[in-house]
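Look for chain A in each of the two complexes below; its partner is chain B in the first and chain C in the second.
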Partner chain A sequence: MKTLRQSHTRKWRDGIFFLVMGGLSSSFIVLIILLLIADITFTSFTEFRNALAKPEIQAAFKLTMASCTVAAIMSVWVATPLGYILSRYRFIGHRLIDTIVDIPIVLPPLVLGLSLLILFHQPFPFSKWFGEGFILDEFLRQTLRFPVSFSWPAVILAQFTVSCAFAVRTMRVTFDQINPRAEDVARTLGCSRAGAFLRIALPQAMRGMITAGTIAWARALGEFGPILVFAGSTRFRTEVLSTTVFLELSVGQLDAAVAVSLLMVAMAVVVLVVLRAIGAGLNG
Partner chain B sequence: MIEVQDLTVRQGTFTLPKISFRIERGQYAVLMGKSGTGKTTILEAICGLRKISSGKVWIEDVEVTNWSPADRNIGYMPQDLALFPTLSVKENLAFALDIRRVPAKKRDEKVAFLANMLGLEHLLKRRVQGLSGGEAQRVALGRALSFDPSVLLLDEPLSALDAITHTTSQKLLKDLNRQTGVAVLHVTHNQAEADALADICIRLPEVIQSEL
Partner chain C sequence: MSKTVLFMIGSIILVAGMVYWLFNNERSVGRPTASNDSKPNPTEGTKSGESEVILLCAASNQSVIEQIRKQYEDETGRKISVQYGNSQSLLAQLEISKRGDLYLPADESFLDNAKEKKLVEEVIPIATMPIGLVVKKGNPKQIKTLADLKRNDVRLVQADPEAAAVTKVARRILEKSGEWEAIKEATKAFRSTVTEVATDVEIGAADVGIVYSPVLVPFTNLEFVPIAELEEGISQVSLGITASTNQPSAALHFARYIAANDRGLKTYQQQGFTVGMGDTWADVPELTIYAGSMLRPAIEESIVDFEAREGVKVSRSYNGCGILVAQMKAGQIPDAYFACDMEFMSQVTDIFPEATEVSQNELVILVPKGNPNKVASLRDLTKPGLRVGIGHEKQCAMGWITQNTFRESGMQQELMSNVAVQLPTGDLLVNELRIGSLDAAVAYLSNAAGAAEFLDAVEIQGIPCSTAIQPWSVAKNSKYPLLADRLFQKICSAESQEVFVSEGFQWQLGSKQVNVPKTTTTQETTAPAVSDKE
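Coming up: the complex of A and B.
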């Protein structure tokens, strides 16, 4: 008969495993917590309140909330059909479109802002179709009386360009995880492709849409480079909180810069908690 | 009735061998073949969910080869059932009737009839997630039958059931076929299942490598 023996070294090895995994994981968490503590201890509540009482910072707060929300809604609006097409269909150019979607993610932010500026202020790429020397910004400003660059729409467009790319990635994964056979069955039951998408795929993708909206909103909040280049940072006009931090730093107002940074952290936490609660509600 | 004539379908790098058969109204046909012989692919092609290489499909003596799946009047029950997870049992059963804008009273009568026939009355308000294998299978069956299809295509409908549920479900399928008169094409690789159910048995030949 075989005699069973307990291995003591295996217990030790398990302990080392948890130590290594926990140590590596906690290093990142500790870094984030230390960053927040450093910000909080640097400023006082009075300084925080004084900074937030400034009318220019209040204006920046309102524009940030509005522009991030509009950019997030636009991102989900565009990312949902694009994510669905990339997930469900294979066609010529599929891989190319998949790569193009990632360009705003990998492009340096300043380059993205510069590209937006060039698109709107240089003769349009297909100007022959619109008349020689057609410049998009002039057309929008003079003909439609809707100025974009160096105005609030530029803030939203700069935020949308990056946040939509993240939203598309999220929606693509969302639809990849939804069984396409349910849509096939819906079509045999009398649905068109649009009907199967609207009645079957979309209700299942609601949590993914909330997640995509959250990621897009958070990304828009942190957007800085493209806004600075394409929209500028004019106080009371195109200043958002990320550019406020830069403006306050550039005039030596470190206290105000830290106060605004903390406000942005608080905004991000509130939005993440609310959207996650909505997502959990949908799941329930 | 359904008739399939010289149907060939490509499956990846393979072309499935030509297949022809005819199932009259009220007949129960079993399609048999080894794993990988393209049974599911053939069902999807008949439904219009997959492009066919050649051949023709007739339903009720109308050629539907190039028709949309929505117009073919085929009740399809896939192997994984693919119930609609965001809808209740009742909404799953009423789905095809809602698409056809059937008046509410008539729709509710039909749902009640199906629920009674399939023993689903006590589950109508439930979400489909918590259903047992046998319950989920009956919901999928009711959903496929709800719009009085010309033919019912069942892809290995009994494969995931335990022995007792398997026997009762087998009887249910045969009874449904006799009561409603719907032509049934049932895919399986289980010989005993085929012996118990089949009026006609169609055997799929081995897959041959495409010359392409």
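Coming up: the complex of A and C.
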């Protein structure tokens, strides 16, 4: 009888547990769903279709896809070795580098854009090494004929600067969670450091790399402030979907702004699902 | 091959593919409206190899500018690259990168800032925007006065008073009337831009906001309510040509298109802006200027520079002012007139209703170097046998002022008895002096500026009317009033002022005043009549 009562009490307590956990968790999920529903009901399918039919939005869509993908892949390429070094080795300046990596995350986006603009257009730091009054943008534009600022590379660079910081964080945690023992064993069996990294650490970190890529891509998609300042928002040139939303809002085109926002949500969902599927495949 | 290697190779291929596409995309920049390569390339204003003009444009002007840009590209075949953003960010970009040919901020306060920082050269007025309230269509809360904003059932939002011009202007007016603090108290939120204020009212987050009326054009569910308390609140939209542009003619070509009353201004008007007179559109406009001959050395250089920068033609006619007035009376109306003296401006008040005094020129006695005849005053010009030259009283201001000066001295008859020649310009008198056919001449100090090594100037003392004042005016029916104003700005520039001073003028810029018709007094019986000579 006592056991039955205890079991009943436990079930009741479990019920409360799930209610509290579910309630707290669902509050966030419900909020996001409500936001999406609010957006969908604010606009109409016709408006959505009209927005997508605009050539400038199509151009912005293509540029967004390309720039986010390039920025995300570049981020993973840089973040993987950097995350590995920060995770595996302790050296002078370790903490300093660890902090520097976080600067793009904590810096206000507009400040980041402004900093990029200053770096490229004002006399370069240590310019005495390159010649007095060396300006990076002029060098790239005139000598290498590869303009960066106010052009598509500026979009990618602005996205990369922030995305990479998030990717490094992810890769650092990934390598922290991988036991270095297997790499040590490989080295005792004659494997070089590079070999241990490529054959042991990297395959184990693959899922983390997918996650880092996903976060970097999503971060690049939402990037707005640095792009606006550093790359500008020139239609058909440097306009990405996040700046399209800003431009449409600036002229009071709320329907178009919401339609583009929904397009961004759809893009994000598709890309995240695909990347997760790849991650799951790799894991399998 | 391991998964890792496949992954690495795959990512490299993907990045390479994307970058290749981005390169190609940039090269083609398939802007459908801008790809009119078949259009004739524009005229003399454009040099071959000029890159496209970059306009830094406030996002609030986007819908207007996009329409104007497309029309311009279709019509002229030139290309414009417009970069949108908020006015302050664009200004910061311009300051740091010095990139951009034109700057069109949301209102003129940003241009004042840009001018202070020497980032902008010319400023062209485009349109004005009245300030008032925005409410939902039908004004459900019946908000009609400033007092209504303080009601408890009314939620008021405003744009930030430090960043947005609309609130800066509103605050200035309301501070004057002592209402600002109460309105600030009643404000539920300050937003960063005026469009956000309208958006708040549109989505129901606020009942009323203070806005510019053109901002509401895209908001079909909103209504503009003008209120008496903010009636004087009007903001100007102007376009600046950047100081760092390396293609000023091309930039000004598009600027003129935007400010043309039969082109860009039409679009502005359709979008709810109040537009000014504007210029008539012409690919290469020809501005006609009439100026007194004595002004030629002072303004010619500025005009040449102006033509080169603007990519326009300035057809100038220098002559004695009496002759110029006669031409104008006969129907040849220039776009602007720079007279030798106010007297000759006041004869054409019907054409030039307003005038601005620019400089002064002093009448002096010019004698050969060393002053061999020892001329020290007007009285010395009455010495027997002295050959004196003066300006023709009916053909130039100088002659007329000379007669007035002679009359004031009380020796008009004695002085005139020695006058050997009366010529229409001071330069001709200087020539006569230099070749020795005259012993003295009464002319402007500026006439002697180019011949200082051959001539001495003797001051005429104690007679105030011996000074001529040069006024500038733009014809009321000019097709290019803005262009003429820009030429005037060029004439008023610091470099130009130096030229004026070096040519013997005193720089004395006044404000624009009503050009009062000439009233003939009994004293001025010899005032210049219009001569039909030439």
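In this text, the second predicted complex is superposed on the first by the 263 of 284 C-alpha atoms of A that agree within 3 Å, B and C clash if a C-alpha of one lies under 4 Å from a C-alpha of the other, contacts with A are read in each partner's own complex, and residues count from 1 in each chain.
In the analysis below, a contact is a pair of C-beta atoms (placed from the backbone, for glycine too) under 8 Å apart; a residue touches a chain by one contact, two chains touch by 3 or more.
Everything numeric here is computed off the predicted structure, so don't read it as measured data.
Trainee: Could you look at A:G195 and tell me whether it touches chain B, chain C, both or neither (first, second, both, neither)?
Mentor: Once the two structures are laid over each other on A, A:G195 reaches chain B alone.
Trainee: If we overlay the two complexes on their shared chain A, which of chain B and chain C does A:A186 touch? Say first, second, both or neither.
Mentor: So A:A186 only meets chain B here.
Trainee: If we overlay the two complexes on their shared chain A, which of chain B and chain C does A:P203 touch? Say first, second, both or neither.
Mentor: After superposing on A, A:P203 lies in contact with both chain B and chain C.
Trainee: What is the contact status of A:S115 with respect to chain B (first) and chain C (second): first, second, both, or neither?
Mentor: neither
Trainee: Which holds for A:N50: it touches chain B only (first), chain C only (second), both, or neither?
Mentor: The answer is neither, since A:N50 touches no partner chain.
Trainee: Name the chain, either chain B or chain C, that contacts more residues of chain A.
Mentor: C
Trainee: So which positions on chain A get touched by both chain B and chain C?
Mentor: 199, 203
Trainee: Contact residues on chain C for chain A in the complex?
Mentor: Chain C reaches chain A through residues 2-4, 7, 11, 14-15, 18-19, 21-22, 25-26, 29-32, 59-60, 62-63, 66, 81-86, 89, 92-93, 96-99, 193, 195-196, 198-199, 202-203, 215-219.
Trainee: Name, in rising order, each residue of chain B that touches chain A in their complex.
Mentor: So the residues of chain B touching chain A come out as 44, 47-49, 68-70, 72, 74-76, 78, 80, 82-86, 95-96, 99-100, 143-144, 146-147.
Trainee: Flag every residue of chain A that touches chain C in the complex, lowest number first.
Mentor: Residues 55, 59, 62-63, 66-67, 69-70, 73-74, 76-77, 110, 114, 117-118, 120-122, 137, 149-152, 198-199, 202-203, 206, 209, 228-229, 232-238, 246-247, 249-254, 282 of chain A touch chain C in their complex.
Trainee: Looking at the complex, which residues from chain A come into contact with chain B?
Mentor: Residues 179, 181-182, 184-192, 195, 199-200, 203-204.
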